[in-house]
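Structure record follows, encoded as structure tokens.
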Amino acid sequence: MNMQTKLRDFHQARWDEPIIYELTTQGERGVLLPKVEDGIRETVKDTKKLPSHMIRSDRADLPEMSQMRVLKHYLRLSQENLGADLNIDIGQGTCTMKYNPKINEVLARNPKVSELHPYQDESTVQGVLEVIYNMDHALRAISGMDAFSLQSGGGSQAIYVIGSIIRAWLEETGQTETKDEIITTIYSHPSNTAVAKLKGFKIITIYPGKDGRPDFEALKNAVSERTAALMITNPEDIGIYNSRIKEFTDLVHSVGGLCSYDQANLNGIMGITRAREAGFDMCFFNLHKTFSAPHGCGGPGSGAVGVTERLKPFLPVPIVEKDSETQRFYLKDDLPYSVGKIKNFYGTVPAILKAYAWIRALGADGVKEAARVAVLNNNYMFRKILSIRGASAPYAEGEHRIEQVRYSWQKLKEETGVTTSDIQNRMFDFGVHYWTSHEPWLVPEPFTIEPTESYSKQELDEFIAITEQIVKEAYENPELVKTAPHKSTIHHVDHAYLDDPEKWAITWRSYKKKYNGYFEKKELKE
Amino acid sequence: MDKNKVVYPYIPNSVSHVQEEMLKAIGAKSIDEFFECVPDELKLNKPLDLPEPLLSEVELKRHFEKVLSKNATTSENISFLGGGCWNHYVPAICDEINQRSEFLTAYAGEPYEDHGRFQALFEFESMMAELVDMDVVNVPTYDGAQAAATSIRMATRITKRDEVLVAESIHPETKAVIKNYSNPDLYITYVPCDPETGCVDLQKLESLISSKTAVFYFENPAFIGTIDVNGKKIAELLHNAGALMVVGIDPSSMGLLTPPSRYGADIVCGDLQPLGMHLYYGGARGGFMAVQDDETFVREYPSRLFGITPTTYKEWGFGDVAWERTSFAERENAKEYVGTAAALWGITAGVYLALMGPEGMKELGENIYMRCQYLMEKIAALPGVKIPLQATPHFKEFIVNFDGTGKTVKEINKALLDRHIFGGLDLSTLFPGYGESALYSVTECVTQKDMDTLIAALGEILA
Amino acid sequence: MKKLGLIVNPIAGMGGKVGLKGTDGPDTIARAREMGATPHSPSRAECALSHLLEIKDEIRLITFPGNMGEKVAMQCGFSPEVLLRESISEHVTAREDTLLAAKEALKQNVDLLLFAGGDGTARDIYESVGTELTALGIPSGVKIHSAVFGCSPQQAGELAKLYLNNKSTQEKLAEVMDIDETLFRKGIVTARLFGYLNIPFEKRRVQRLKAGSALSEQVSQQAIAAYMARNEMYSDTLYIVGPGTTTRALMIELGLDFTLLGVDVVYNGKLIAKDVSEETLLKLCSRYKKIKLIVTPIGGQGFLFGRGNQQISPRVLRFFSRNDIFILSTPAKLHALEGAPLLMDTGDATIDQILSGYIRIVTGFNEFVMYAISAM
């Protein structure tokens, strides 16, 4: 790396690794099983009751590879993957790519948690129940809510729990006919709309005003007796805090609706402000974001749903409680109006453990410091990026931001023709991620940077240097940017093979049915 | 600046002078300035009510190890617990790969800089497809229960009908998840099982199928371990009425048992836990759904589907298939939702299947089947103990009835626990129709010696 | 080999720089030249065309003499086929020439017709070719109301290139608007739907990280139509359905005939009047007790009701309360407004007052948006 320019001559690992099926050698074995003991064979030899049509006649067509070859194949693939541990992962805005402390991984590998069966007698699992219980209480402190369910497997599933609770609450209070509308904002996570529809609600979306905050006038017009709930995020994905949030929740409460807080963006405000004081009845957190549990390529994750006392009876079961006399932890199943089960068993236990360990390592001051530094880092990036030619950030001009910012390369596009997608591809040449944003692209040519508190000033400066370099190229040598990536694992992918049912192949066997060699279409015999 | 200010290892810029430099570059006086947008009434004026921090790593480790030491594990005891989560062997390579930072800490990069993840998941889809003999498998959803619930909804969208039939004998948790997931617009009717066989009651099923039936979901093997041999007949009944058949399977059985696609299943689903995931107190799950390569079905998936594509340099490239999923039904019903679910477990399952290979999966199935048979034989010989469904073939687990012993399962399990044995899951509240019964489960890790120890212990306890 | 047609309206956009709005009619053009205005669209056309240079050997560029495209094409580095030399002058051209050229492009069966101009040029193209070929406008005029143009000359060029290469594009109908230029110069905006052109648009691919992708425009319209048909079409109620592709989707869902540019009337599931005039509407509105109005914003600027709405005039609007009006819009159409309100200018201050503020828009099945609507 050039320490002056802060630019690297990076190249991603490029193994040109075959598909695992191409590595098969008949007869090789990766791992062996214990033999069935003679004593067992003696006893069962005459008692095979399986009718022949239920016995699989062939072997599943799986690769046959010896152990080291399997290891090598997957290790090579892992080298072709850019985990947060390896890059300055601030370009995946809204994903909160923080450091996943390795000590937490060590703790989770402990057989004292990995070898527990969910149906074990409660007396044998007091340790893990204690962790879940304590996590619940820690989250109550952070949010001000009265009870948590840790059963969800992720943020979207947590939204699903909330949608289920809203519906159950309406059924219980006899309001399903009179309250069938949910209000949300255009910048809220699309799962809010999807879940609301799944649960049979009408959904009304409000847009931001000029300052980027959800328009209160629009909300006033949207709220009515038919409002079942408000599902809102604050700060929203564009990084702006809605100071009038209490007016929003008061308004919805005035018509007897519930207020749900999507706290995927908790990282910038924890220890500073809470769901309770802002007037919310429900909230949820992503443990694999704010609480530093790993993202795992897209899961397993964990979602924690918190509610006020009056909604506690609706939580999914079981929850973990402590017997006040014996001080023993136990699983409580009998919540009177529980929505039942959302997920098998109790939640993503390893993630809960890692998240709780993170909280314990930092304590109240550390958690608050994490939020403060995340916001400091973001405002530092904000200042720096805005001074790059072609970049802009809509809304709230002159104001600071919270923990992330949605920017736009619209000006750059007009002046050079280079788009945010082009910049994305060129970013990979420097060993960093960059994501544009979810659709809809209200902000044109968007990109969202969320530094979190995990990256040092040096790293933030490197990311700025990379961005400045790419913009320079956009003005001076746009072709270089438009044909990127040049130093990544592979080159441009042909998307035509992904949308056409005749062309697509989601599995290797499907590929083999349609193509010979390298995408030579087979003649299909009718 | 506060000289006593803690510098946190996880927060590089918690160093005072660095903060000063950054504030200077921003032109702000203090970090508090950034929070001026939060109204005073909403600002917390006191620290969060959290326990004292464990700032040093050694203290943190010590604390948690102490807490976790209160757990007794299935390695320290002989366990016969099953019921959707099983103590299979996890090969070291599986742990090695899913602990790799590159995979563990990645998320949602593009098919370029995160090529590894795309290829690993495509390979998982491919191997899983061969295991269940179908052409399309998704990037994993949360767990088997979700896979079942989603498969059912997919079927209702495809058939455009809203009446759903579900077998009584499925996993009770899956039943609860499906119930919630079908609320408010789908109507569920439960199809009882034949008390003699523990399998789907064909006559009752036939009487419940109508022209409004979208789908019938059952598990094979069932929650109670029985193997249903009537799949073909069930498929016939459903297809004649224009309904679909969804079958939930145990992947560890697919080397031995006929894959449901061969007896008419339209969607096959299940949980990946047996393929390389530790028990984790039920916290390591992944759900898959498999279909044939039929556009109508593919477009109904809410999950991601990774497909293979060419690149400009003739490399293997990957991407999301059927981007828009613009099916007829999408306009009305939400195509459910998709979120962070269980990708890493998908990769792990792929590693497991590659290590086991065709022979390994076949041996696994046979191994489990025979051990299960052995235990059934031995337990049935105990006084007062019955195996109500002994005539039906079982895989991995079976119901043991203790009514004739005069003891409750609770008492028996307590006594077993004293002998360092985790007895089978108590079914007396879950399935009261079976009386004082327990679900005994064996995997390839349970030895003959373990089983003989159990028999001896039960012999003592029941005497 | 793909055929690309190019028509440049050499005088479009000249007015803007000198404070005139539009350049319809020789008088305005003369005035503009007097004021020192220079032709604008040729340079814009050149900019767009330059993006196609890299595929110039894979396409046949067909254009028209002199200022109508030949000059621009040559300057850019193309060797175009120039047609209609006998009929079109190299120097001074008029509206008739645009019409002639467009008809010729249609005859030549071009795969894409690029035209540089403004709303007026778009109207001329529409008049000649309707929706019989795919066209795309290179923006060169003043404020453009028609939705048939690229957002910039570069983008038009890029899109043309993608389309000709068969990559990531689809086609859709987009509105051609008729603005009364005289009134416009007086600060009064009228926007009337004139027709539709078939234009290419780019399908963007953004990773489905966290959610399903945005529904395509067509599916969105079907969702809105399904919602309306299932939930809001009551018996014994008269429904007046305004022009637009979204309202068209509703008529298709109901299985009824319709006019794309006109106003149709539905009663008890049947089409009882087609392409009606203001007179007919007034008669119908007074005759029926229960009446509802279903409209969709028109054009690239989100116009809802204007003085240009020949049929849905203020007199007609007087029959409806806010609750009787359904506004349908796909989310994409709202996003394109970039936060600006929907516009209306009925000419009747009372009506404008009643309708402005926030209004509920149907954007999908059971999906709505609370959006601002403001009077000009």
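Letters are used for the chains, namely A, B and C, taken in the order the chains are written, and counting of residues starts over at 1 for each.
Criterion: a residue touches a chain if its C-beta (ideal position, glycine included) is under 8 Å from a C-beta of that chain, and two chains touch if they have at least 3 such contacts.
Nothing here was measured: the structure is a model prediction, and the numbers come from that model.
Relative to the centroid of all protein Cα atoms, the closest per-chain Cα centroid is that of A. Note on interfaces A-B and A-C: more C-beta pairs are in contact across A-B.
Subunit B and subunit C, compared by their mean Cα positions, are separated by 52 Å.
Remark: subunit A and subunit B have CA centroids separated by 19 Å (rounded to whole angstrom). We define each chain's centre as the mean of its Cα atoms; on that basis subunit A and subunit C are separated by 40 Å. Shared contact sites, meaning residues of subunit B that touch two or more other chains, fall at 108, 110, 304, 320, 323-324, 333, 335, 337-340.
Shown for subunit A are the residues that touch two or more other chains, namely 95, 156, 190-191, 193-194, 197, 435, 495. For subunit C, the set of residues that touch two or more other chains comprises 205, 207, 209-213, 365. Taken in their complex, subunit C has these residues touching subunit A: 51, 152, 154, 158, 167-168, 204-207, 209-214, 331-332, 334-335, 338-339, 357-360, 363, 365-372. Listing the residues of subunit A that touch subunit C in their complex gives 94-95, 156, 186, 189-191, 193-194, 197, 201-208, 210, 215, 217-222, 414, 417, 421, 435-442, 444, 495-496.
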